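In structure tokens below, several structures.
Here subunit A shows up in two complexes: once beside subunit B, once beside subunit C.
Right after this comes the complex of A and B.
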């Protein structure tokens, strides 16, 4: 059985750091999306998302990130993704995700993007 | 409750309800079959992506009523490829007719969804669709193993 997706949120100044672990498929998104949204959208926090332990993404995961980025933009905040693994990066390339939101190599670069 | 039936060492079939719980059962059955088949990570990722996108699409958009329906999926291993056959009694839907999304839009103009069928096309060698005489959708998706 596939391990359920986990989410961990920590805050530093005005940046929310979100760590996801597992698979961003439909069951995974169903499990974390409400918690993710509640943790960052109402206060309009700039958000960086660590994807280094996400092994798989499907379109429901893309949908979640785009929805969150739009909601944050309405609150003058940004969503930046970093450290995607190979399958996740391949899907991002296929759908040209970098034209929608920043996707960078590591956390330091993600924080710089989020702060500018 | 899902029903998994191994037809041979190369073939399997799973039936599950058209719900999130059913999708999880189907994903678990696919994982068990892929693990036994030992086809490699790329083939597994392609198979999971196709399964996830097609079944989620059937569950979200396939039915005009709130009843639980049954989705039937067969997996078969061939020479350098995997074949997944999806069978459901939802409204007619041929994914080959879905227009490709405009992917070159900034955040403000980008639609939230609409990328799933595009991903299926990009990760498959071939798609065949038939509306059967018994008013069922039968979609065949072939993905490369290597």
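Right after this comes the complex of A and C.
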């Protein structure tokens, strides 16, 4: 049995750092989406998301990131994803996700992207 | 307060009673619901008499599957609880993924697996059961409507088509179609709406009807890039409850034996050579449909050799968890396309059965939709 998706949010200056662990499938998204949204959208924080421990992403996971990116953009903030595993990165490539939001290699680059 | 003018028309809304009369006791029962395998949705009530499950026709629940033993297991109510006992079956009886040895409690909500057959134990009141049955009937109608929109297989001619679809829920977000645009050109497409269930199905039906009726004003349906650009404008996610979709769209020219195609966020379709040794991926770099206001949808084209088959499928075909708990992907699935045909089964059915045998028990995680076009 897979462990439920976990979310951890920390704040530094004007950037929210979100760490996800587990599978971003429909039950996983149901579990974390409200908390994720509440943590970053109302204050319009630039947000970097650590995907290094996300083993799988389904269409509902893509939908969550796209919805968050659009909501943050309305508040003049950015969502940047970083360190996707190869299987997740393959899905990002298929759906041309990099045309929609930045996806970078590591946290330092993500923070740079979010700040510019 | 001034009363509105009475024109004589009245609408009265009656609220259905959802509470029992005071003092009345709801009757609860134990039910086994088929959630995977043959007889999906079938509901069996457990009473004081034990129920034996097996391949033997004398069993109270007889299953014809070869991986079920003649007398496989027995369910029995004891002091208001359900217990399952394995009857020395060959392939075992599993409760919540664990093979049982002795008589084992089957808690409310637990999953019983017998070969490919998956049943869920539910303790429900008769009222809840009736509501569930009403909902099931409505979903069945919705499912039949979606299926009625899919094209018939084509078994003769220079372009033939066969398909197989299994939604992961009662209705799903996948749909596909094909048909002649004129004497020379034949259009083929498959769409996969984000998520699954009724919401996704409603959007997939909208898109499917647009494509079936060629109802995109000013669009050349022989140009996949134009079609995807127009769909992207028409189905922006902000106006469709936050849903988007992927699509693969191709047009085959029978005279020139050429296929022009474009994809929007969809993994490649594959051309499979007549000897099944060569797989050619067909994909372009178009984004998900409905996400970006303006997006390019490039086209590509390929020569189609006689005897070749085009395989178009949804990601639910290969994004599956296997029996060992591993997450499989496209690269795990593709070698199956090289394997020989199975007599008596269509190619999509052969692939479904192979995927089904690989996947962990229970419904697949996502809709399984598979379309094969054969070019004579």
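Quick note on the criterion: the second predicted complex is superposed on the first by the 116 of 116 C-alpha atoms of A that agree within 3 Å, B and C clash if a C-alpha of one lies under 4 Å from a C-alpha of the other, contacts with A are read in each partner's own complex, and residues count from 1 in each chain.
Methods note: a residue touches a chain if its C-beta (ideal position, glycine included) is under 8 Å from a C-beta of that chain, and two chains touch if they have at least 3 such contacts.
Predicted model only: the values in this text are computed from it and were never measured.
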Superposition on subunit A - do subunit B and subunit C clash or fit: clash
Partner chain in contact with A:27 - subunit B first, subunit C second, else both or neither: first
Partner chain in contact with A:73 - subunit B first, subunit C second, else both or neither: first
Partner chain(s) touched by A:62 [first = subunit B, second = subunit C, both, neither]: both
Which of subunit B and subunit C A:94 touches, first, second, both or neither: both
Overlap of the subunit B and subunit C footprints on subunit A, listed as residue numbers: 1-2, 25-26, 56, 58-60, 62-63, 66-67, 70, 87, 94-96, 99-100
In the complex, subunit A residues that touch subunit C: 1-2, 23, 25-26, 55-56, 58-60, 62-63, 66-67, 70, 87, 90, 94-96, 99-100
Complex contact set, residues of subunit B against subunit A: 20, 23-24, 27-28, 31, 41, 45, 48-49, 52-53, 56, 101, 103-108, 110-113, 115-116, 118-119, 122
Of all residues in subunit C, those that touch subunit A in their complex: 97, 192, 194-195, 237-238, 242-244, 246, 265-267, 283, 285-288, 291-292, 295, 315, 319, 325, 327, 329-330, 365-366
Residue ranges of subunit A touching subunit B (in the complex, touch as defined): 1-2, 25-27, 30, 56, 58-60, 62-63, 66-67, 69-70, 73, 87, 91, 94-96, 99-101
